[in-house]
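Take this structure, written in structure tokens, and hold onto it; I'll ask about it next.
Letters A, B, C, D and E mark the chains as written, and numbering starts fresh at 1 in each.
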Amino acid sequence: MIVRPRTNLLKLFFVMRGSVVPRILPQILGFALYGAAVVAAIKLLKLDLGDAGVAPFALLGVALSVYLGFRNNAAYDRWWEARKLWGQLVFEIRNLSRAATAMISDRDELRPLLMDSLAFCHFLRGELRRVDTREAARPFIGDAIDEIHAATNRPDAAMRRMGEKIGALKRAKVLEAMDYRILDERLAAISALQAGCERIMGTPLPFAYTLLLQRTAYIFCLLLPFGLAGSAGWVTPLFTALIAYTFFGLDALSEELEDPFGMEANDLALDGLCRVCEISVFEALGETPPPMLPAENFYYS
Amino acid sequence: MIVRPRTNLLKLFFVMRGSVVPRILPQILGFALYGAAVVAAIKLLKLDLGDAGVAPFALLGVALSVYLGFRNNAAYDRWWEARKLWGQLVFEIRNLSRAATAMISDRDELRPLLMDSLAFCHFLRGELRRVDTREAARPFIGDAIDEIHAATNRPDAAMRRMGEKIGALKRAKVLEAMDYRILDERLAAISALQAGCERIMGTPLPFAYTLLLQRTAYIFCLLLPFGLAGSAGWVTPLFTALIAYTFFGLDALSEELEDPFGMEANDLALDGLCRVCEISVFEALGETPPPMLPAENFYYS
Amino acid sequence: MIVRPRTNLLKLFFVMRGSVVPRILPQILGFALYGAAVVAAIKLLKLDLGDAGVAPFALLGVALSVYLGFRNNAAYDRWWEARKLWGQLVFEIRNLSRAATAMISDRDELRPLLMDSLAFCHFLRGELRRVDTREAARPFIGDAIDEIHAATNRPDAAMRRMGEKIGALKRAKVLEAMDYRILDERLAAISALQAGCERIMGTPLPFAYTLLLQRTAYIFCLLLPFGLAGSAGWVTPLFTALIAYTFFGLDALSEELEDPFGMEANDLALDGLCRVCEISVFEALGETPPPMLPAENFYYS
Amino acid sequence: MIVRPRTNLLKLFFVMRGSVVPRILPQILGFALYGAAVVAAIKLLKLDLGDAGVAPFALLGVALSVYLGFRNNAAYDRWWEARKLWGQLVFEIRNLSRAATAMISDRDELRPLLMDSLAFCHFLRGELRRVDTREAARPFIGDAIDEIHAATNRPDAAMRRMGEKIGALKRAKVLEAMDYRILDERLAAISALQAGCERIMGTPLPFAYTLLLQRTAYIFCLLLPFGLAGSAGWVTPLFTALIAYTFFGLDALSEELEDPFGMEANDLALDGLCRVCEISVFEALGETPPPMLPAENFYYS
Amino acid sequence: MIVRPRTNLLKLFFVMRGSVVPRILPQILGFALYGAAVVAAIKLLKLDLGDAGVAPFALLGVALSVYLGFRNNAAYDRWWEARKLWGQLVFEIRNLSRAATAMISDRDELRPLLMDSLAFCHFLRGELRRVDTREAARPFIGDAIDEIHAATNRPDAAMRRMGEKIGALKRAKVLEAMDYRILDERLAAISALQAGCERIMGTPLPFAYTLLLQRTAYIFCLLLPFGLAGSAGWVTPLFTALIAYTFFGLDALSEELEDPFGMEANDLALDGLCRVCEISVFEALGETPPPMLPAENFYYS
């Protein structure tokens, strides 16, 4: 994720980090060249293409604006919902820490439970980013990590481990019925947001939207120079490139946000959020928390 | 449901799986031919149709963009809500497993309860897809399946079976008042999402929207060649086909998403989600879970 | 409510059930005749109306599309929220049945409570549709119906009756504190959705929206032939009628959905939903449920 | 709030109650006169203003439609949320009545608690409408009204009074722990919706939106006659007035809905909602409820 | 935050407080001058730029309206959600006061707990505005402030302090299990809204949106004079400035609302909201509350 202060006008056009321009440069340049080629061909061959102009493109634009607007909103909603789910993870971990600290006075019971919750965070991050987070989680729960790692759904296995711990504490009468319920509610809430994250990761936007949008955008940009050439002459390549920039720029950004758990410039800073959880847990235990993760060139991983 | 990696430009135009093009090809080709016929007729008969051009179509486009945008948003919301409900099912099954495992130490009481929950998932899938899932559910609860199958609302019958089980456990004092409440909350939540799924399945978008949109789109495309022919000449069929593609493509996709429980390319992967539930329950019981369902040509059933 | 399979192209233009065309036919035909009269007048009287054409109408279209889009979204949201509330009623009745069955072993205590809940459904339906549902509810609670019927707010009176029943069961120690709470939560949830339905019924969309939209649409269609006549000639009446169709069609549909509890073609099938509740309660009691209500020409009342 | 049956076409243009026309008549007439003056000046002075026509206005319309659509949606959402909050108040009062009636058998304890809740409703209404509702609340709690009236936040003071009552009942063992919790949840929910109403009342839409929208709309309408005059001639004043009507009509309506607790034609019927609460409480106590408030010329206060 | 009564027409154009005009004046004037320069250059050099006119700009407008509309909605949603979270803080503090007052009769236990909650509000305000609020919080909890100030996450530390207090009260049997649960729910809710505020503060809108929107808007306005000059002549600078005003005005406002916790004219009045909490707590304790914060030139800090 990119977090940076407002840039001034000159820099605005040269910022590359976080911009989608590098990804869509081939399309922009390609359509500029293509537009120039069309104009040249028309002028050389003295082609007569009627005088429909750009009016038919405005009709196509009706549907295209519906597509672009919809896809962008849907992708952003996925991204923002993912961020909300991780924000909930942060406060559920805090609530768990606060409640468990008040209920469980034996530190040897308390600490492993909270360490499990941190391991959960890292396993969830690993599942969502499809990376191996075993070593990141090992400091918290040691070799129990391997047992969890063997499960099909690792965060769920970490969650069950916590469930067993509080179940045992209840049977040992350390936790009263109401205490158990409070902690169980926390685990249920964390489980809910795990399922929310899995939903976003596992269910992309229907593939047909991407096809519909990209095909229409390509055809639009391929035909546009023929509509513009008659009246706009050599400005045609510029406009074609500009319109390709607006269409494919939003398309590329939507694609990035659609899967918010990746590691691209605009994706969520899951590493940083795991660290926020760690800080809350260690401060709740009265131990020295690790430092926040620093940004690298405005980028938080 | 289709889950596939990004395709390159060349493939983009030839992907058929998940695309709506095969379904709307008759309309696209039909309007192209019709457009050509109109141009030919005008040229042959030297018809004079005034010079209104495409301007009146832009006025029609105002209402049409409202229709297209609305219908697409409503259909997608139904699809995404359906997916959310099944995501909730996954975590409610997990919560039920975790809580029940902690509360019920007698495995002979625990296992049948959790198996009932898996049977519930399959009966819900069967109800929503209007298929017979008796054999899929039989491994979990054996011949009790037939009794449930006889009920008018089968998932509700499976739910009542679970309700009776935890009611009996409460009367037998296996479950304390608070334990019973926790499990009852899980069942209530599962019941809520069943009702949500039934709502989406049983209440389509008001039929009048489909009529309004399709009638307007057909009339628009039928009149368009007359407006274009004067200025665009033989490009008219191309534009008519393109605009038909954008209108009917979105229309066809909306129709597919509107009923998200079907088995078309963009519908939800209910089979896979049932399997996710199975894996969680079996892992909670410490038994070997079945493998995830593989995709077939990027398609998850 | 209309639930029907997809129609083919030919039928599409002749379907009347569920369509808004019959309601707006006067406007469509009226504007077609009016458009023809304007063209005739201009041609006969050789009027010169300047050459503004349709461009000023495009400016008016900006605001009109905002009005149409907004009103349609708001009306649909009311309709869909109403459907959600009734879906919640279904599962709250199921939850009440399941929980009460597990808690109250004396059938003479259980059955009247659940019958009250069915009476509640019918009284709610009666209140929302402004019909007398006394006879529909009588089979469930007998002559107690008349006492409830005398109350100002009948569903609320039925709800209080249930509240008194579970209060008495609690005082008689049939229900423990936690059991009482579980049932009280169910009643509170049902009460919440009753208030939601009353809100939708009693608070229409602000009247000024209807005025603003209809006045603008009428003026737009009244002026349009003057703008079109110059360039479009005798096609003017066709376009005027078409645009009237798109504006007043959406307007009529919005008006129908705005009050979702009526008995028009696109309104909610409250009779059917009451029957779904009855089936769930009777199956929970182990009694033979009544059959589902059949559709009549695709229409569910 | 205006609730009226559908009007016919003729009446449509003469309805004034609930319409925003009276409020924006100065703008409409002013722009009509101004448009006429511009046309006259151009014709008299034979000004040559180039031939840009209305095309640049279409570009301005892009941003203007975003402003109008956004502001209207935001204002309506505030209005509808306010209505939802008051709908919740109705059912929370009903829930409180039902639960308290079941729990508190001593009528001398029960009645004052429920009367306090009615006083709360009136104090909330008074706070939101900035009117003195002391006399409206006096019949319910007598002279205790003056003590509450002295507080900075009066509804909050009424709420604390209820909190003290149920706290005292708990200490007196009239309410068990679970009973207390149920009633406390009701009070917490009522407190939540009070804060929601205060949020809507105290936080208007950011002032900059109003400025941006109105400035742009005024400049648009001031320049428009110059763009239209060349082609539309003496129809210019009519179009200018019409477009002013669509812009300022929506603007005026948004402004009315933005503060939904006022007493204008389209504002919420808080008096009526307070009466609905009174009816529910008196019926729950078995006393004769007051009659519903009648509408006056379709207007509910 | 600006709260002011409706201004009249004349004042409308001169209001600066709360307006975004001062911030975007450089762009407006710059584009006016630039437009004039382009027209002058074209006229002097007799450049021939074809006759494409403004039609290609309408195509660019399609994407631009999607960008502007989306960004504005997203920014406003962040602002309004932030306001909701603080509204929830108000009522959670009230609920905590009311519940704690009823449960904890020893004033020496009660008062410090509620004072902690006020310190929490100020630390949260300090964290969100990145200001030092130690002195504002000191009157409530004295020197304990420094210990909290040393923590990485100060509001979380204040929250843990409250958690420890109610944990100790529970162990001392001052609070029963159910009482503890009620207060713990309050703390959990406050913790949830803290995490919500941190999410909004720490996760800006994806940076790529700002780039995409501003780059397109700049290029649009830079090219526009070339499209307008041919037909609009010396009116070109006026239109260019106007369109720059609508684009950059909304852009600037979105940027202000995007980070709602700042101290700019349209940001939230966190100081005032903290004071509302203080008033509720002091009135609940029966102490004299501090006065509301007055506005300064319609501005609430």
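Here is the rule we go by: a residue touches a chain if its C-beta (ideal position, glycine included) is under 8 Å from a C-beta of that chain, and two chains touch if they have at least 3 such contacts.
These are the chains along with the protein names UniProt gives them: A, B, C, D, E = Membrane protein.
Everything quoted here is computed from the prediction, not taken from an experiment.
Chemist: Just how much do you need to spin chain A so its Cα atoms sit on those of chain E, in degrees to the nearest 5?
Modeler: 70
Chemist: Taking each chain's centre as the mean position of its Cα atoms, how many Å separate chain B from chain D?
Modeler: That gives a centre separation of 38 Å.
Chemist: Counting only Cα atoms for the centres, state how far chain D is from chain E in Å.
Modeler: 23
Chemist: Hunt down the residues of chain D that sit against at least two other chains at once, touch-wise.
Modeler: In chain D, residues 53, 55, 58, 64-65, 69, 177-178, 181 touch at least two other chains, as defined above.
Chemist: Could you give me the chain order round the ring, chain B to chain C and onward?
Modeler: With chain B as the starting chain and chain C following, the sequence is B, C, D, E, A.
Chemist: For chain C, which residues count as touching chain D in their complex?
Modeler: Residues 49-53, 55-56, 58-60, 62-67, 69-70, 74, 151-153, 156-157, 159-160, 163-164, 166-167, 170, 177-178, 180-181, 184, 187-188, 191-192, 194-196, 198-199, 202-204, 206-209, 211-212, 214-216, 218-219, 223, 226, 255 of chain C touch chain D in their complex.
Chemist: Which stretch or stretches of chain A touch chain E in the complex?
Modeler: The contact residues of chain A facing chain E are 1-4, 6, 9, 12-13, 15, 18-21, 53-55, 57-58, 61, 64-65, 68-69, 72-73, 76, 79-80, 83-84, 87-88, 90-91, 94-95, 97-99, 101-103, 176-179, 181-182, 224, 228, 231-235, 238-239, 242-243, 245-247, 249-250, 253, 256-257, 265-266, 268, 276, 279-280, 283-284, 289, 292.
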